[in-house]
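Contents: one structure, followed by commentary.
Per-chain residue numbering starts at 1, and chain names A, B, C, D, E, F, G and H are given in the order in which the chains are listed.
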Amino acid sequence: QRTGDPEVVYGAGKTAEQTIGLLRALTEAHPDRPALATRLSAESLATVRAAFPEATVDDVAGAIAVGPMPTPVGLVCVVAAGTSDASVAAEATFTAQAFGAGVRKIVDVGVAGLHRLMDVKDQLDEADCLIVIAGMEGALPSVVGGLTGVPLVAVPTSVGYGASFGGVAALLAMLNSCAPGVVVTNIDNGFGAGVFAARVARRAGKPA
Amino acid sequence: QRTGDPEVVYGAGKTAEQTIGLLRALTEAHPDRPALATRLSAESLATVRAAFPEATVDDVAGAIAVGPMPTPVGLVCVVAAGTSDASVAAEATFTAQAFGAGVRKIVDVGVAGLHRLMDVKDQLDEADCLIVIAGMEGALPSVVGGLTGVPLVAVPTSVGYGASFGGVAALLAMLNSCAPGVVVTNIDNGFGAGVFAARVARRAGKPA
Amino acid sequence: QRTGDPEVVYGAGKTAEQTIGLLRALTEAHPDRPALATRLSAESLATVRAAFPEATVDDVAGAIAVGPMPTPVGLVCVVAAGTSDASVAAEATFTAQAFGAGVRKIVDVGVAGLHRLMDVKDQLDEADCLIVIAGMEGALPSVVGGLTGVPLVAVPTSVGYGASFGGVAALLAMLNSCAPGVVVTNIDNGFGAGVFAARVARRAGKPA
Amino acid sequence: QRTGDPEVVYGAGKTAEQTIGLLRALTEAHPDRPALATRLSAESLATVRAAFPEATVDDVAGAIAVGPMPTPVGLVCVVAAGTSDASVAAEATFTAQAFGAGVRKIVDVGVAGLHRLMDVKDQLDEADCLIVIAGMEGALPSVVGGLTGVPLVAVPTSVGYGASFGGVAALLAMLNSCAPGVVVTNIDNGFGAGVFAARVARRAGKPA
Amino acid sequence: QRTGDPEVVYGAGKTAEQTIGLLRALTEAHPDRPALATRLSAESLATVRAAFPEATVDDVAGAIAVGPMPTPVGLVCVVAAGTSDASVAAEATFTAQAFGAGVRKIVDVGVAGLHRLMDVKDQLDEADCLIVIAGMEGALPSVVGGLTGVPLVAVPTSVGYGASFGGVAALLAMLNSCAPGVVVTNIDNGFGAGVFAARVARRAGKPA
Amino acid sequence: QRTGDPEVVYGAGKTAEQTIGLLRALTEAHPDRPALATRLSAESLATVRAAFPEATVDDVAGAIAVGPMPTPVGLVCVVAAGTSDASVAAEATFTAQAFGAGVRKIVDVGVAGLHRLMDVKDQLDEADCLIVIAGMEGALPSVVGGLTGVPLVAVPTSVGYGASFGGVAALLAMLNSCAPGVVVTNIDNGFGAGVFAARVARRAGKPA
Amino acid sequence: QRTGDPEVVYGAGKTAEQTIGLLRALTEAHPDRPALATRLSAESLATVRAAFPEATVDDVAGAIAVGPMPTPVGLVCVVAAGTSDASVAAEATFTAQAFGAGVRKIVDVGVAGLHRLMDVKDQLDEADCLIVIAGMEGALPSVVGGLTGVPLVAVPTSVGYGASFGGVAALLAMLNSCAPGVVVTNIDNGFGAGVFAARVARRAGKPA
Amino acid sequence: QRTGDPEVVYGAGKTAEQTIGLLRALTEAHPDRPALATRLSAESLATVRAAFPEATVDDVAGAIAVGPMPTPVGLVCVVAAGTSDASVAAEATFTAQAFGAGVRKIVDVGVAGLHRLMDVKDQLDEADCLIVIAGMEGALPSVVGGLTGVPLVAVPTSVGYGASFGGVAALLAMLNSCAPGVVVTNIDNGFGAGVFAARVARRAGKPA
């Protein structure tokens, strides 16, 4: 692995046994860093966790990290409006930590409650990189991007119905954000946002 | 006209002469109310205006009203972020006035400048109906809808490029607004929003 | 809640227990008004209803309101063509009532039976706000909008197959309605239409 | 030509000279029937008409027929709401006549004026085939199809803006019509509707 | 029923009991003609058929007609390439018969076997109206339309995968057919094609 | 150039001077093979041709080849229905020749005239690779693919209007062809088809 | 069968019994060549295999060939990045073999590991035709096409989530490849790629 | 300006005079930092430049910066394949410099020439943030992302034709990149990428 970053198994569509085998091979090759598996179903996660009792697990994300977690460097702040986006927020958080950043989570802040958002402005400004997650109309990154100049990665989620088209409405909103300097990942891609933000934070930050 | 509302000529794709003829016929049939023409090019508008020197004209909207304007009843508030959406805001304003409502315009408020938006909250609360106009990511209606419980009509505009798809990004965002009670018109349809909001305001309001 | 409006739990994707907990918290915070939950499955609704035996329930909508319902002010008229759109019509009706409006339902009127529609014209004219619901080609709002000048909120439904694209055909038809002053909600969004129409009716109407 | 039907030159993207050459060849091969050219610009039409001074010409359609027009058999009725759809209605009419049907045109009937539509019900019932043309939300075929059992061909037009997507909204509405037995052509395809309806009318009708 | 045509229950999404109730009401109101139900699941069809032992049933279509079938007038020819489109072909056939036309079925003719198609050209020419059904690339109507001048209704089916997009590829192909006079129905809408073709055939044909 | 194939300048969006400069550099680097420029406007082509008086030019394609053309090996057959697709057919032909294949052109064969197609079956069978070009409904490759087992590259063109969506209808039809072994290029990409087919023909064929 | 190629049963949506019947009929008609069935579920495949114990079977592809496999002529090289695309790669391999080509498989080469790709360049150059399979962003064919001049068929797969839209992202990438001479099949269509590549290889190659 | 970043005028759709006025106001308010204008036509740029003779100008980007440019901190590397993407690369470069980063440009590296890309791997690794620009199939970010672990912002461009859909193909490819940690901007949005990358680089880097 050219970058020293952890290797990752994409668990969707794999059996628990396949995932265990891949994780075992990766940890043997690189015992110094975590090997991740993401997008595990609850059943898969139970089986995999039983095979690696010392692993770090996030049930909401359906993710597991086998091997030593890195010492956090720099600060990623994960911002989300509600419980519907919880699994994406968890995946982003878990990934950023496994890729070496410290993470602060700010949830329950939405565009419909501006005061609560303004109250956390200082916390946002302290971060080295923001991950802002939203479904439906995907307005949250524009509002957060208007409050702060910290690098901001927006993650659209598939939360919504009808003309949300499985996250397309939020994706388009984020790509068209009038707040300058908003960049975007694929729908529900908390993993990609976590990798990117951790790389930014590690370059910018100091060990916690 | 079953409702007492003004008749309207859609000027796009008509010659100035056709528009003049249609306006003349409408004002003769209903001398007690205005006859409107919208979406006139600058050249068409000049010719039409010369034919009706006493008409009410809005150059930004490319619209004209021939005949007596109604006494305003109730208050529509038109909200827009910037100069790019000016022609749609002007069309909405002009239409709402011709359909019998008083109109207050609040421009230069965007999601990237929340303080300015919060400063006008009282003005928003006084309205009988809001028209909120936005292009690009179309987030403004969600933010305004989180500040106030006044009925809110959102108008997406075709302002933007790339993945804005001529206003589709803003349209989808507004249809998916997490602020309850946001309703939406077609892209750039300031006219439809003006008609609707005036009807709401006339029912709710008192003569100015 | 800044507007005095009820708080609402979106039940889709929540367990009955989560919904019960949220409803309990909301009714404790605001004992003077209803707390709603919508989009509950039949199973969830049974469990939630058992927890709040005095609640108001609509089985067709899959919705429940805990706490005192408001005294209706103004009149919303909900119009739908057939039984396929029944759950959306029920959601709109239930929501408008919980948000403080009186509601009259007119069903079984479709574009294919114009006489029946014309027979109810007087009832349409008495309303303060109309909610017109249609799937497939979504023509009903245009026809109703040609009959009356009452503010009209159109709700496309996902009823249809093939090139209806889950309600997109009806949504586009409504956004392009040639009847002036038609505004539109997201596909199947009876809730949003109900909130909006109740707000309009409360401003326009007198207590029933 | 296997069917005895006229041959047709699609004029869009051809020079007047190319069109003249093709028409000349076709009339020489089949002097007993008309050779058509459609979709000619005003300039092209002027040049082509000068080359065939005895031809039948429709300026609104931009179409010309060289050679003897057939004796009309059966009755096609072309229905359209407004002037915006005039060129498509003219193309349908001209084509149906050149393909051997009698044509009656009923314009200025729209979904917003139901009384006017009902007034012409008897004329609709007398036809052997209907061609119903509409842009924007494309609701007219559903309404006409609810009034009569005559075979009905719906033609969506590209009239509209924003979310009409160049006629796609009307096309989808017509494909999803709840009136049974509505069939549809491509956007703006008055030609195809005219060919089809003439074939139906000729089989059904009696010489005028 | 203004046209004397049968009434039809759309069975998808209805319980067998609902369908039985509707059929009973319709046959009581119009004992002189069939009442249809379409799109019944195998289970529903079994229950409904048990309630009407004398009904006419098509298992492949999932359709039933209660009451006396009409004497066929005119000839509809239903053309399809393969077994994948069988249920749509059956729905078209069953509907055209219930709406009063005689029907001939020609299956197993595809664009990949031109000789077989040419062998049936005479049978195609004898029809009063053709229904041509195809999924995937939807080329069959263009090829048939090049062989004959009989009015041709094309029905796209949802058969296919990947970039067939549930029948959209076939629908677009048919709308763009270079064979003049091809008209189109919604995806899988054998019912609509059957109604339309029967109406054409009844006008054109003589009792069998 | 790793393959010995000619280098190509994509002329769209380049000035004639830029194109001349690039062609001069390429011919100096590889005097043994042609350097191509494609998609030149008529004006550009005139200027470039003047700079290389001995070049091979195709006016319909808007293409030029500077330097010695290769000795043709193998046979590509380019098949197209009509004059509308002429420029794409010319680009495919010119490219295949410059990339070293012999080319036979068969035009004026369409799905509406099957006899003409069957008459050329022997010519199709002699080819090493077919390029079949079609706009509108894009049915020609399916029909040709049913007649012969020669490798077949389908090229959709942007010819059409309305629901052809600039060639998308034809592209989808070709991707869904029921004739096995049809492969597809981008819309209007005669160049890509020519390169591919020449490579196939050169491997399969014998020097002419 | 005009080409001597095997006949193929598309097993999706057919019962095992239907498939067995069709295979039996085909092998009786052409005992000299294989009859194929593709897209069989694991259950179907078990039943079909039991009926033809000597058949050639590929479990990953869900495909079976009954009858004598042809002697391979020429070399097809199937290239894929990962295990997610395994079933498509297996279908392409199996089909190319049944259609008479020799096949070499190169898996586990992706755009993220360029060195591994470059290591196999010689193997790529030896092939008569390449099949390059990729999901998600579909970049692999462009990279391989930059390394070699061998004819290259790209197969997009439906592997991915969110804005991959079931393979559309990969399909579009491949259609727009900047490597000249890349042609494309439908999403997941390993079968079509196998047929095409075998035809190319048989013409180019020598018996193994 | 909350962040100390420059203010920017979006010049598209503004007159030169409007742009000059806005720039003058911004430079007076913040004489310590540059005021930018982007997306100026060649004519507008000439007029604006004449008004600010000391401004920094980029003709390829159509951009101007009035006032003192910041001392560069950190290193952004802008990577693009060809001349077609030059204006987007120039906009990204100019913006990143005006927002305070040092910039290195690497052009003429494409997926079709892997050796050239590998030759610059060390330069890529030295950057604090990469901006990778590509049109057509948008594969370059995946390839670069496989070579290095530096944070990577991908910018799709509208370069292409047919099924590139104005940059949508490249956008989708980048959103689905299998290289972890690729984030994306709107089509042609060099400005947004420049702002984002400069913010990352300033946090990570040391003064040049």
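Structural remarks
One rule holds for everything that comes next: a contact is a pair of C-beta atoms (placed from the backbone, for glycine too) under 8 Å apart; a residue touches a chain by one contact, two chains touch by 3 or more.
Keep in mind it's a predicted model, so treat the numbers as computed, not measured.
Should one ask which of B-C and A-B has more C-beta pairs in contact, the pair is A-B.
More than half of the contact pairs of E-G, counted by residue number, reappear in one of A-H, C-D or D-F; that pair is D-F. Chain centres here are Cα averages; for chain A and chain G they lie 37 Å apart. With centres set at the average Cα position, the gap from chain E to chain F is 41 Å. If each chain is reduced to the centroid of its CA atoms, chain B and chain G end up 57 Å from each other. For chain A, residues touching at least two other chains, in rising order: 147, 162-164, 168, 171, 175-176, 186.
Chain contact summary for the complex, chain D toward chain C: residues 81, 110-114, 117-118, 136-139, 142-143, 145-147, 160, 162-165, 168-170, 172-179. Against chain H, the residues of chain F that register as touching in their complex are 12-13, 158, 166-168, 171, 186-189.
Of all residues in chain B, only 84, 161-164 touch chain H in the complex they form.
Residue ranges on chain F touching chain G, taken from their complex, read 2-5, 8, 128-129, 147-153, 171, 175-176, 180-186, 191-193, 195-196, 199-200, 203-204.
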